[in-house]
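There are two complexes below, and they share subunit A, which is joined by subunit B in the first and by subunit C in the second.
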Partner chain A sequence: MHMISILKNFSENPAGRYVTDGPNSGQRFRDELLTPALRTHDEVVVNLDGALGFGSSFLEEAFGGLVRECGFAATELTRKLRIVSNQSIYEKRVWRYINAAATQKKRSV
Partner chain B sequence: MVFADLIKDYGPSVPWVLAVAGLLYNNRTANHREKRKEFRADIDSIEKVVKELSGKLTTYFRLAEHTVDTKRSEAEIKVLFKELDFKWERLSRRQTGGTLGLFIDPCSQALESLFDQATGQYFESADLIPPADVNGHVSDLQIRSLIFVEALHSLFLKKFDGI
Partner chain C sequence: MKKLSHKAWLRQVRRSQRTNRLSLRLRRRRRLGGRISQVISAPEDFYFLNVLARRKLFSFLELVKTTLAANIRVVIDFEATRQLHPCGTLIFLSHIDLWLDKYPGQLTCRYPEDPVVEELLQHVSVLSKLGLTSRKVVSHERVKHWLFHCGTELDSATYSDLTKSTRSGIVHPHKELFADCLNEAVANTIHHAYEYPFKNIPSPAQQKWWMLSLLKDEELFVAIYDAGIGIPSSLRRKPRFAEYFKVRNYNDARLIQAAVGSRWTSTQLPHRGNGLPEMLEFSQSLEHGGLSIWSENGGLSYNPQIPDKRNREVRHHIDQRLPGTLVLWSIPFRKEQENAHDFDS
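Let's look at the complex of A and B:
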């Protein structure tokens, strides 16, 4: 099991969608931390606690982008990815973005 | 004869039974009133955050350029959303099970719709929203805020007034 803490391993203030939006973007989080961890570990736990807050652009790009850009299937992520947060609403949002990206991908195929 | 015996045996305890029933009824009514007050206070508190958030979002999306205040403004909006999420989670946890679930869903959907629209495409983005789209975007956000608040009031009415 591999643990990623947004606060300890990334930033207190995750912000923006693309790397062009800033240094703490969802794209950078996904490409530098999340994707490599998911490719090399059977289980990855992402702890979202401690951050200032999240915008949907960050969450969508970081997690929805796993399906859209990195080729992960939603079912595979259900098996490998676990979201931890003291606010359950964030966990629900992450899975909503993953499932929406999967649905969109299916439609476009 | 049997009835007379009953009166004779149990008559003296009738005032006690009535007093206990009265106490139970009063207690139940007071609990209901307290719950109503707490629920009302939670909704008022959420509404206050939504109004503040709505004001901050309007100012943010009307910025003509990125300044040093932009980052501060973005941080304030995220913190307010976090506060809103906390307050909404606390309120929705009060309402589990039963048909009220049907009224929680519209609130959740309205909140998610507001969150997606407010912190989606143009939030924390290097690109500013095109000037021609600003009014429409801000108006859309205000409508979504009102829909969320309206959904909360519907939840309250359903719970306490059965409407």
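Let's look at the complex of A and C:
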């Protein structure tokens, strides 16, 4: 099992979608931490606590982007990825973005 | 070529007459070898939401702009200024940045007469930007809770003092989403405000967002502004929707409503990013306060206190065109001990 703490391993101020938006974007989090961890571990736990807010574009790009950009299947992520947060709303959002990206991908194929 | 209405034509004629007069004055002064500068009085009230105050504020901004464009130095005189509200002040602060970038060394000011106004203008860096030294200690109750931020990118660390100091005091069932909404509102600016080229587009260094917040009487006010293309113009230029809007001829307020998306999602009309819809969604669970969005000649306000949900959204028309987009947010706040300490420090 591999643990990623957004606060300890990434930033207290995650925000934005693309690396061009700002220094702590969802794209950077996905490409630098999330994707490598998911490629090398069977289980990855992402702890979202401690950050000063995210913004939907950060979460969508970080997690929805796993399906859209990095080739992960939603079923694979259900098996490998676990989201930990004091605020259940974030966990729900992450899975909503993953499932929406999977649906979108199916439609475009 | 676009046909001008009589009113617009008159406005253009007056503007060009004013520029000609200023240029003539400038040439005369140059001939006489004098130093060319003009003192322009700042309005008494920097307030956007009041029609009369807005008219005066916009006339003042236009006069400064025209004078600078005529290559005449401007000295802003704050002697008459008595009231600074976040909405009007934020528009003014953004203009200061844009003017200083476009006309370096051409803009200065005189100290205000009112000590609180001076303290506030010092606190938001207007005096130092305009070349005056800071004479006050920022301590007044009406000043120290103002926070001013701006930037060209989305680095939420820039305004983390606001999110940290307010996160537990906001009265809302999902108060943690406040910071998310702020991030998305700024993201909106970065993705959409300067998306298309337009007349008088700021230089890349000034393609900014500006944010001003104030905690007052258990209410948190947040104003966010960009000097971008404006919501209506950006929607009209989106290729996918240009035809749709051409046929329907919606006014600016209706286009803002479309961008916010509250009543439009079923029609598949465009969202201009997630920021505004998320701010509106957040505002729908507020006990009081509200949200308003202003851009070009339109505005949309949302008041959660109105009992009939259908009447909570109101569209507005504004005579004076606001360049860019202004978002005003008012959120109830309980100043608990922890927050009070954070804010005071």
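By our rule, the second predicted complex is superposed on the first by the 109 of 109 C-alpha atoms of A that agree within 3 Å, B and C clash if a C-alpha of one lies under 4 Å from a C-alpha of the other, contacts with A are read in each partner's own complex, and residues count from 1 in each chain.
One rule holds for everything that comes next: a residue touches a chain if its C-beta (ideal position, glycine included) is under 8 Å from a C-beta of that chain, and two chains touch if they have at least 3 such contacts.
Model, not experiment: these values are computed from the prediction.
J.: Just subunit B (first), just subunit C (second), both, or neither: which does A:P23 touch?
T.: Touch partner of A:P23: subunit C, not subunit B.
J.: So, A:E12: does it touch subunit B (first), subunit C (second), both, or neither?
T.: second
J.: On the A-aligned overlay, A:R68 touches which partner chain: subunit B = first, subunit C = second, or both, or neither?
T.: After superposing on A, A:R68 lies clear of both subunit B and subunit C.
J.: Should A:R96 be classified as contacting the first partner (subunit B), the second (subunit C), both, or neither?
T.: first
J.: Starting from the residues of subunit A touching subunit B, keep only those that also touch subunit C in the other complex, and list them.
T.: The overlap between the subunit B and subunit C interfaces on subunit A comprises residues 13, 15-17, 21-22, 52-58, 87, 89.
J.: Using the touch definition from the top, list the residues of subunit A that touch subunit C in their complex.
T.: Result: residues 11-17, 21-25, 52-58, 87, 89 of subunit A touch subunit C.
J.: Spell out the residues on subunit B that touch subunit A in their complex, using ranges where they run on.
T.: Residues 74-75, 77-79, 81-82, 85-86, 88-89, 112, 115-116, 118-121, 123-126.
J.: Write out the stretch or stretches of subunit C touching subunit A in their complex.
T.: 153-157, 160, 163-164, 167, 174, 176-184, 186-187, 190-191, 273-274, 278
J.: Mind listing the subunit A positions that touch subunit B in their complex?
T.: Result: residues 13, 15-18, 20-22, 52-58, 60, 87-90, 93, 96 of subunit A touch subunit B.
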